[in-house]
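Common to both upcoming complexes is chain A, partnered first by chain B, then by chain C.
And now, the complex of A and B:
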């Protein structure tokens, strides 16, 4: 695409954003995104789905400002509840809980929020920058990834489980196995059969992810909180604005984690089907691996907040790659967003960027602006948000549970979702009690279905020939990386043990 | 000893209250008020799409919904609702069990929806019992190959002398069935690669080289042909939209002309006659709506409206074409 054309489109899009109505819709989108993001059970997909009919008749550029605003702000909102009440506002924020919440308990919530917000912004911007940079290559990138590559990515993600069990290897694997079983529930489009649906057709589409994750992380945490009682944080140290800036500074100190998270987020976002949750978890695991103090992860290491938050925003830019290239949604929000495009007469497909470049650039610009504005808003209100950690759980718990369940119902107006969330809430609480990591279950649940489907697809394509995974360049590279992921930690621990043995005893 | 789950205390009552409150809230939202048939429509109408957003059926419903709203006698909203799952069967099962009060209608993929029954599967809906409202469109199929493929004609496909790989979403889809019909008629052995998430996905898969050729609606393929990624091989239209693409009739098989994915509107069984009348009239009026015509033209979709009785008759006719090949319609990967 000629550069002057792109420049024209960017300027035109900027022009729209700076009009009163354009910026009004952008701000509305940001606020809605933040609110829907921080309330567990709601999220980007619900926000887009609910607002979609209201935009009928709106000018396309203004609609893009609205939805770009929503998409850029959702995971920033979600990080707030992840840090303050250990309850991810949206699934991709689940990884932020692991170190964000311990920080909140230590009275350092302000630092965590500051770091999360700025990491989100920069991650989001990097994602968009990469997107724009690869616009001439969009189609080629999407065409590089077929079922064998998807399968290897899923396997790579599943090996992240092995590394993320945090010391409870056997329990982690059991939880992962359970997650895989859950992943296979439902209709299998490769063989055309319905499995494990317990005779109801609610489960035909498999276990619905949002209700399951809401239950597993949000409701279970509320149950745990109400059992322990009291308040989340015992001190009000971090309500001072200074600590928020300390968090901001931490992001730049740990720029390597930030960069790594952003790159992982963009790449995972660009691969349809994986989504922000996988991006965030992979980024968390990767951050732990490059950290100088990996053993402090899970106890309040700020890098464990920076990595995932950068990733779950970078994925927005990345997920536009297959969406703009061929009309294949790169994430759940994109899938719903396709409906918005159709509503406005913009047909998703390879001609979208060619025929409606201006409108698409409005979206990209709105997304970028939203990342920045959402962070500014969060930073400003951070010191007040932190007060939530001082609220008594008897008030907090019922409010959060009720909001979560209502939000889960709002998704598809199916009561089955509410029951699913409640069931997973109990399951999640039991996992907390008996120290089974929930991360591994989640990763297995998300990736299991993708892995099975793409495995069958790959073998069909190759007429049963297993070497297909090794004869394609990218697939082979992924095999090597996966093997590396599995063996490097073992080698590292061996090396560490050897070093300890060499040091003279104290 | 710390508080455990089993001890009473702050845990029990607080949690119970919260769950009950949430449950009551959710239940009150689900209980619908009964509606008198004479005032129809008085509540919003859910127009259910059995597939996920972005595809052809989704597009059709979203294009028609505003026109339907304008055509209905009372002001209500027509809400496009995606209920994907089980190759479209989930949504149809839902309609089968829904209340026959005209608040839920669905768009159905024909003859795809009839395939499971045709191949002897036990399904959760009965097309004969459902209330037929209208046919909105018929999108003829086309066979296409990647633009850079060395295959230039159907004869080239035959010359390959091997199994031809054709992708589709799943074995219950009309595209899958059309592929079977095409393959059998032309004497090609097919390897059907199912499992793709949507039509766009499997067209891209064909461009990528996962498959040799694909069968898809002309309107969906149009944008990939316009972008230079795909090239038409043969079309099942009466007259070819794209220059240089032969019709199936010109290749000696006129009986396959009209092989198409048809979009029908269905309502729950036992829907009262006056509700059907209002809906049918509204769809008929919507089909002449100038804004709809303009929008469908822009989307390269054709309006092929048929009223309730004509729709049911046409559906039965289409099913018959596929029934001839039903031996090969079963699950591909047993």
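And now, the complex of A and C:
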């Protein structure tokens, strides 16, 4: 429905959410998100990868309700374990530990949980509002895109994400190259030929995305948990949670911290590769800078909970901007979510917002509703939810592996998918062990086909002339940004060296 | 001064470069429209693999590349998840592999409870009774969810007449 306006899409999405099935999937997503968010080592990425095959037979709108529910609830779950047992459920919740746990030790766990829940809800809503506000702008931008721009966008996205992998820039690019190599397997839509199938019919359709994602993000995490062993936490105990509304009130008292965290989260989330952890830590530092009592940070200052939690949930709306508009995910969670879109026949990329606006609004509304529902649930059952971290890894690992593989088989009833998921699980673990970022591999696997097709289209447009990428304004800008991204590690390294050289002089 | 800073990561990077060379040769066996872009990606893999290998050498060139890409070798091992021992690592990878192999022959419903019991009892050192109860609960949940609620047929195994 290319011409559907935003109001109609919103109303249609609301209608889906209020049907019994839509509401049920939203609630299921919230519960799964809270449980997986609360358990360190699992998180939203694993939850999405695990449930993805189950949604194959569902309507796209209902699947969006489920995944929006998960995405909105994960950070609320993660904040509970961060505050009560000093173990962040997801990486971005680590910043919440600094002041959340000291507050819990002072008997103020309820205040911290109240503040974290409401800050993350409001942050999440602000992120979504920004996303909705920029959609018309994004739509007019993507209409200016032709094949050369699509191709350069894919190259720029891969480079930006590889650069953002800290000191593993080269390994990020190697993982991206492997993703492209995997994307080339099977039927080539441009020439109609078959490539790199090792003589098996199974690979004619290419590497199936769902088994690959399940292996890379669900099975590999289970192997990593199996290697580490034990229980996820030994500290969880039922804690008295009182004065929750004092925490809720604190969020409004410190509204500047809340707003600042939300803005930081949305902006950082929208930059591919940076993700929630950077947003949360940056917001924590910024909260300390504007606080009247910066000396109490780390000792139980409620602003140290509000800032990172607002940023953590606001980043979801932000990271959906590049994911939905350009098919460039901002994080691993968004990369797996791109797999969900592909599974439901929604090709990631600039036309997504134009051709499937209704489905996208289902996701946006589900995300918003999930932030609110997750907060309400958290405020009521946080003390019991944290007990989930006592689950023995040795039950969790075989249960999740078996469920993942059954789900992968159920999708197409092909045993090759089960083998593929297991292989990717092992590859994924080795990537974790040797610090190859999995997210760049996945993005290259998803974008590889699109990149190759648009490259051929661009060269056909220009009769084989490669300068087409440098003679069009937007394409040239993307080339410059890509080259700029490649120089970032060298600049960062230079700045670090200068700083080190200056330090002894001081 | 020459030498290796970290042999395991160095070997992996060299392995990647060798894979890149094999891939270039493989891509060369296809017609031009099918093999050109894969060939280019193969070259990229070789170059990146060699550059990455260089960062793990104690040479002037290695130091220069490390500075350029902002790579700190010391952080690699400090941040990486620790292998408890090779047996734990091998077993952690071996269990899912064994499960998939068994499923191929006996199917999901027959294999899953056995896999969970054996994993929990032998690898996780949990009591046999606890392992049995847990495995039955998980298997029943999987069966109800997939076969009953979603009506997805589960793989029966080659020995029970299923085919790949």
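Just so we're on the same page, the second predicted complex is superposed on the first by the 273 of 506 C-alpha atoms of A that agree within 3 Å, B and C clash if a C-alpha of one lies under 4 Å from a C-alpha of the other, contacts with A are read in each partner's own complex, and residues count from 1 in each chain.
As a working rule, a contact is a pair of C-beta atoms (placed from the backbone, for glycine too) under 8 Å apart; a residue touches a chain by one contact, two chains touch by 3 or more.
Just so you know, these numbers come straight off a predicted model, no measurement behind them.
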Practice task
Check the residue A:435 against both partner chains and state whether it touches chain B (first), chain C (second), both, or neither.
Solution key: second
Exercise for the section: Please work out whether A:413 is in contact with chain B alone, chain C alone, both, or neither, and reply first, second, both or neither. Expected result: both
Handout entry: chain B versus chain C as contact partner of A:228, first or second or both or neither
Key = both
Exercise for the section: Name the contact category of A:484: first (chain B only), second (chain C only), both, or neither. Expected result: neither
Exercise for the section: Identify the partner contact of A:343: answer first if only chain B is touched, second if only chain C is, both if each is, neither if none is. Expected result: first
Practice task
Return first, second, both or neither, reflecting whether A:136 touches chain B, chain C, both chains, or no partner chain.
Solution key: neither
Handout entry: Partner chain(s) touched by A:457 [first = chain B, second = chain C, both, neither]
Key = first
Problem - Touching partner for A:405 - first (chain B), second (chain C), both, neither - result: both
Practice task
Please work out whether A:327 is in contact with chain B alone, chain C alone, both, or neither, and reply first, second, both or neither.
Solution key: first
Exercise for the section: Across the two complexes, find the residues of chain A that touch chain B and also touch chain C. Expected result: 190-191, 193, 223, 226-229, 393-394, 397-399, 401-402, 405-406, 409, 413, 415, 418, 422, 429, 433
Problem - chain A partner contacts - residues on chain C that touch it in the complex - result: 8-9, 12, 16, 20, 23, 26, 30-31, 33-35, 37-38, 41-42, 44-45, 48-49, 51-52, 55, 67-72, 75-76, 79-81, 83-84, 88-89, 91-93, 95-97, 99-100, 103-104, 108, 112, 115-116, 119-120, 123-126, 134-135, 138-139, 142, 145-146, 150, 152-155, 162, 164
Fill in the blank from the handout: The answer for chain A against chain B in the complex is residues 53, 56, 139, 142-143, 146-147, 186-187, 189-194, 201, 204-205, 223, 226-229, 272-273, 326-329, 335-336, 338-339, 341-343, 345, 347-351, 354, 393-394, 397-399, 401-402, 405-406, 409, 412-413, 415, 418, 422, 429, 433, 453-454, 456-457, 460-461, 463
Completion exercise
In the complex, chain A touches chain C at residues 54, 57, 167-171, 173-174, 177-178, 180-181, 184, 188, 190-191, 193, 195-196, 219, 222-224, 226-229, 392-395, 397-399, 401-403, 405-407, 409-410, 413-416, 418-419, 422, 425-426, 429, 432-435, 452, 455, 489-490, 492-494, 496-497
Exercise for the section: Spell out the part of chain B that touches chain A in their complex, as residue ranges. Expected result: 3-5, 10-11, 14-15, 17-19, 21-23, 25-27, 29-30, 52-54, 58-59, 62-63, 66, 77, 79-80, 82-87, 89-90, 93-94, 124, 163, 165, 169-172, 191, 193-198, 200-201, 203-205, 207-211, 223-224, 226-227, 229, 295, 298-299, 331-334
